[in-house]
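What follows is subunit A paired twice: with subunit B in the first complex and subunit C in the second.
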Partner chain A sequence: MRYVTQKVLFFVVCLWAAMTLNFILPRMIPGNPALAMFAKFQGQLNPQALHALELQFGFSHQPILLQYVNYLKSFLTLHWGLSYTYYPTPVATVIAHSLPWTIGLVGTATFIAVVVGTVLGIYISWRRGGVLDNTLPVATMFLQAMPYFWTGTILLFVFAFELHWFPLGHAYSNTVTPGFNGPFIASVLRHGLLPGLTVFLGSLSGWVIGMRNNMVNTLGEDYVIFAEAKGVSTWRVMSSYAARNAILPQVTSFALAMGLIVSGSILTEVVFSYPGIGFQLTNAVLSQDLPLIQASFLIIAVSVLVVNLIVDLLYARLDPRVRQGGETH
Partner chain B sequence: MVSEQPVLVLRDVSIAYDSPAGPVQAVSHVNLELMPNTIVGLIGESGSGKSTLATGIMRLLRGGAHLTHGEILIKGQNVYDMDAKTLRKFRWEAMSMVFQSAMTVLNPVMTVEQQMVDVFLAHRPGMSKAEALQKSYALLDLVRIARKHGKSYPHELSGGMKQRIVIAIALALDPALVIMDEPTTALDVVVQRSILEQIQDLQQERHFAVLFISHDFSLVAELASRVAIMYAGRFVEVTESGGLTVSDQDHHPYTQGLMRAIPRLTHEDVVIEGIPGHPPDLVTLPTGCAYHPRCPYAVPLCTVERPEPRDWQGRLIACHRFDPQKAGEFSHVS
Partner chain C sequence: MAQNSAVQRPGVPPVPSPATRPRKVGAMRRVVQIMFSNRKSAVGFCLFLFFVALAVLAPWIAPYSPTSTQFAPSLHPSAQHWFGTTAQGQDIFSQFLYGARSTLVVGIGAGMLATALSLLIGVTAGYRGGMTDTILNFLSNIFLVLPGLALLILIESYVHNSTPVFNGLIIGLTGWAWGARVFRSQTMSLAHRDFVTAAKLTGASDLRVMVMEIMPNMTSIIASNIMYACLAAILAESGLAFLGLENVSSISWGTMLYWSSQGDAILTGGWWWFIPPGLGIALVGLSLVLMNYAIDQLTNPRLRELPKAKKKVIW
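Moving on to the complex of A and B:
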């Protein structure tokens, strides 16, 4: 129980740090959207109009500390302001429309990559020195070495632009009505396959190689040899004794990889014009949409933190040794 | 129902490790018979091949080691003739092993009882989980571990408790032979003592045969009825443990050296004599008798011809000094 409290406390502190950074960083971008719009009219607007624009966008010249307090207050109450680019849509609505796409795409692709990679890792460690063991790590590493946007562009060019097997972008075709119906789901899958594949290929290698190496180490452990001597079936030795222990570092890697997965998804979404949070964030940065930038950053930071919290709690389930906390021996 | 067939027969057993420089002989032409309900000790320095021999008997050789010569029979059955499935069933049922490393031999992410239950479920397909659990608790009682520790994970237990549990697991299926590979080495002296007493008690209760491997001479001499002394992969002497006293000079020079190396606190002047030199590198073994560079009695003959084990007053000793035909070579030494 102490362990859980510790982790939740840590989560709260991290969240606060992320929110504070999120407050400071956008304010370091020179100018503001009102100024940008003011400049667009090349002197045809008078200063009163600028003031009006600033008011309309909710931009204030209050002391920075007051702004900070208001910021914290409004963020905790989910009042994230209005988006400048999609004015007057509330930022919360923009996010509510884009976040499910990212979670669906990146979440699913990453989940599949972790599962497939781990299973492949277990398999090739079992058949150590076999053909698959000699080729698979190198092949997946080759794929991982390619940046997301490059893999994405190539896939898009070959399979969508040249071969027309897949659409060029977006999350679903505009001929179907969103909802729980066959054509819509099929369209979503067809649109999601290439970007999903990009994320999958880009992250598979780490899981395969990581799991293989953990397994090879674990298979040499005394408790695995002892289990084999006890007469426990090969399947159970592999799963409950070897893989069960070898998977622990994988879980840690997963938590550490979250940040990379999110940033990778931004690139993927831009390449495939996928309406996820990364795509929105890029648009927001380009049009200096401060409320949207802040909200997107925060959502990304919070999701990384939430996943880390989940992983920490899961780790305690998986490894009895961390449950007690305090001193271990 | 003690049958008079030996539980373990080693017939001219050799085990080698693959190395870039060719096979390295870790165990060479070893012969031994172990009768039911007896404890036989196996003594040797680190690297003498004791553990390799133990894992060889279990057919658990790893790291490129393999049986190159000879036969290993357990209850009359050749372990190396079995297919994987038969071996899996036979092992632990007929022979089991207590590993050297009590600390690392239990799976850290499984409770103790789960690991005990696994033995029963693997070997008794019809057995229910509840029944296996009952049997596991009976085993915990046997090694005097409170039943509540069945729910514990290995890291929650002391080293002594872990080793008791490993011993319990080894006895789970009532094997005829239990190999104990330095079962007390990783433990402190007080715990060592209680574990040893427990092993003795259990042995008298359950009548299994023990091959007790150790580098602790006094310990083995006390526990075992017969002792095999291993040097550089060979048995240099196999003897009754009763005769293992310093005053008895009719031993292999290495055995004598080992006996002199035991500190004797009962004597007024505590003299500990080590054996000069180091155990040989198995890749470049000395010619002739492998012990000759460290042997105080060595004569030129010892560097050329390797002595074979011969009978000497009921002992098997591999030394030219105990060969009547060659004793003349030693005439100038006392």
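Moving on to the complex of A and C:
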């Protein structure tokens, strides 16, 4: 129980840190960027929106502490202001429309990468020194060293421009009606395959190599050697003795890799004009849409924090040593 | 140590014994020796040196000025223009060479800065323990879970036309958390060894113990961290530049990719525009990861390549 409280507490503090960063940054830069913004939109926005803008970016004469409290309050109650680029759509609506795309894309691609990577890692550690063991880690490392946006560009060039197998961008074609119908789902899958493949290729390496190295470590343990000596079948040694223990560190790596995967998906979404949260964030930055910048950053941070919390709690289920509070350094 | 625990924390290899401490004499020779102890890292080392040479020699080997727009636009690769020209009529090969300069300088600089910060924070936390450790560890955990690129984009959105150097600076300042965590746990396992106690008994100051006794015993882990930090920094910098968040008139591999996407290189079939810079980033990244192979095997003997002779069992 102490473990769970600790993790929840950490989540809350991280959330607070992210929100505070979001508050401090625009105020830290000399020549408040909101000022320029404010001048630019004067006459375009209605007085209410201007007032909200003032409150949000410190263009007000209230004491800073009061501003901070107001900022926290409005963010926690989902009052994120209006987007300039999609004026007069509230930022919350823009976020609500883009978040599902990112979660679907990143979630599916990451899940497949974890499963495929782990299985491949187990396999090559079993056939250690084999052809696959010598080539696969290097090949996946090359994929990892490739910038996501470049992998995406190459895939786009080959499969969409040259071969015309896939569309050049966006999440679904505008000839289908969104909803739970066959053509729409097919269109979404067709559009999602290349960006999904990009995220998959970019994150595969960590799982393959991590699992392989954990397996190699575990396979050297006395209890595994003993099991082998006892005549336990190879398949059983690999799965129940070695892989079961080797997989635990992978769970923690998963939580830590989340930030990287999200970063990669931001770039991927830009390459494929995929209407996810990363695409919104980048567009917002380029068009200086401050409310949307703040909200998308916060949502990205919160999603990563939530995944981390879930993984931490899951880890306690998987590893009894953590649950009983015997945390080792 | 590692032998007693079935589950090892990722990224925390067992502590090398003080006996493997590198001697100061011929440090360079030892580095070369380690790099060539293994085929993969040898390839990585050569690849890395090759790109460093390209970057250093750029002004002498570049055939044209990287910014000059005097050539016909969108030329295919040819003998005059090895990598073709951009839609603005710039020579891509010259841009590639000059781009290597800023990408490598920024990437390696940011990686070093991040590692220095990790050392400062991680070693202090691990050595001091108590309240200092709690606070510093908490801080690094926060930086660890905050999505790096999103944070960088957020910072960039308030700074206009940032230079590559400024980008390197903020990448270094935000990218230290992973290393700090590794160094902290490593320091914790070293802090109570006999040689550290001995140094303390001779009256060495805390700073001296940390720098002269503990850090030399983590050399391989520090080296490995530098490589990953450089890789991360190169990817982050080129990502930011690709998004157009770096001064777009600067020449780096990232800005080249930015211009290729602005110039619709994909839609006009101009593959020669976006292949070289991306391949450059990927190959430099690969060279860093490959070099790390040698270090991994140094710190974790179980990962060593199986000796070839042993496999042929004579019946």
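We adopt the following convention: the second predicted complex is superposed on the first by the 281 of 329 C-alpha atoms of A that agree within 3 Å, B and C clash if a C-alpha of one lies under 4 Å from a C-alpha of the other, contacts with A are read in each partner's own complex, and residues count from 1 in each chain.
Keep in mind that, in the parts below, contacts are C-beta pairs under 8 Å (C-beta built on N, C-alpha and C of every residue); 3 or more make two chains touch, one makes a residue touch a chain.
This one's a predicted model, so the numbers in the text were calculated from it and none came from an experiment.
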| item | value |
| --- | --- |
| Contacts of A:260 with subunit B and subunit C, given as first, second, both or neither | second |
| First (subunit B), second (subunit C), both or neither touched by A:286 | second |
| Contacts of A:319 with subunit B and subunit C, given as first, second, both or neither | both |
| Touched partner set for A:229, first subunit B, second subunit C, both or neither | first |
| Partner chain(s) touched by A:241 [first = subunit B, second = subunit C, both, neither] | first |
| Partner, of subunit C and subunit B, that touches more residues belonging to subunit A | C |
| Subunit A residues contacted in one complex by subunit B, in the other by subunit C | 220-221, 223, 245, 248, 319, 328-329 |
| Complex contact set, residues of subunit A against subunit B | 220-223, 225-233, 236, 240-241, 244-245, 248, 318-321, 328-329 |
| Touching residues (chain side subunit B, partner subunit A) in the complex | 58, 60, 62, 88-89, 91-93, 96-97, 99, 101, 104-110, 115, 118-119, 122-123, 153, 155, 166, 169 |
| Residue ranges of subunit A touching subunit C (in the complex, touch as defined) | 10, 13-14, 17-18, 21-22, 25-26, 28-29, 33, 128-129, 138, 141-142, 144-150, 153-154, 156-157, 161-162, 168, 210, 213-214, 216-218, 220-221, 223, 245, 248-249, 252-253, 255-256, 258-260, 262-264, 266-267, 270-271, 278, 281-282, 284-286, 288, 290, 293, 296-297, 300-301, 304-305, 308, 319, 328-329 |
| Touching residues on subunit C, where the partner in the complex is subunit A | 2, 5-10, 40, 138, 141-142, 144-151, 153-159, 178, 185, 188-189, 231, 235-236, 238-239, 242-245, 257, 261, 266-267, 269, 271, 274-275, 277-278, 281-286, 288-290, 300, 302-303, 305-306, 311 |
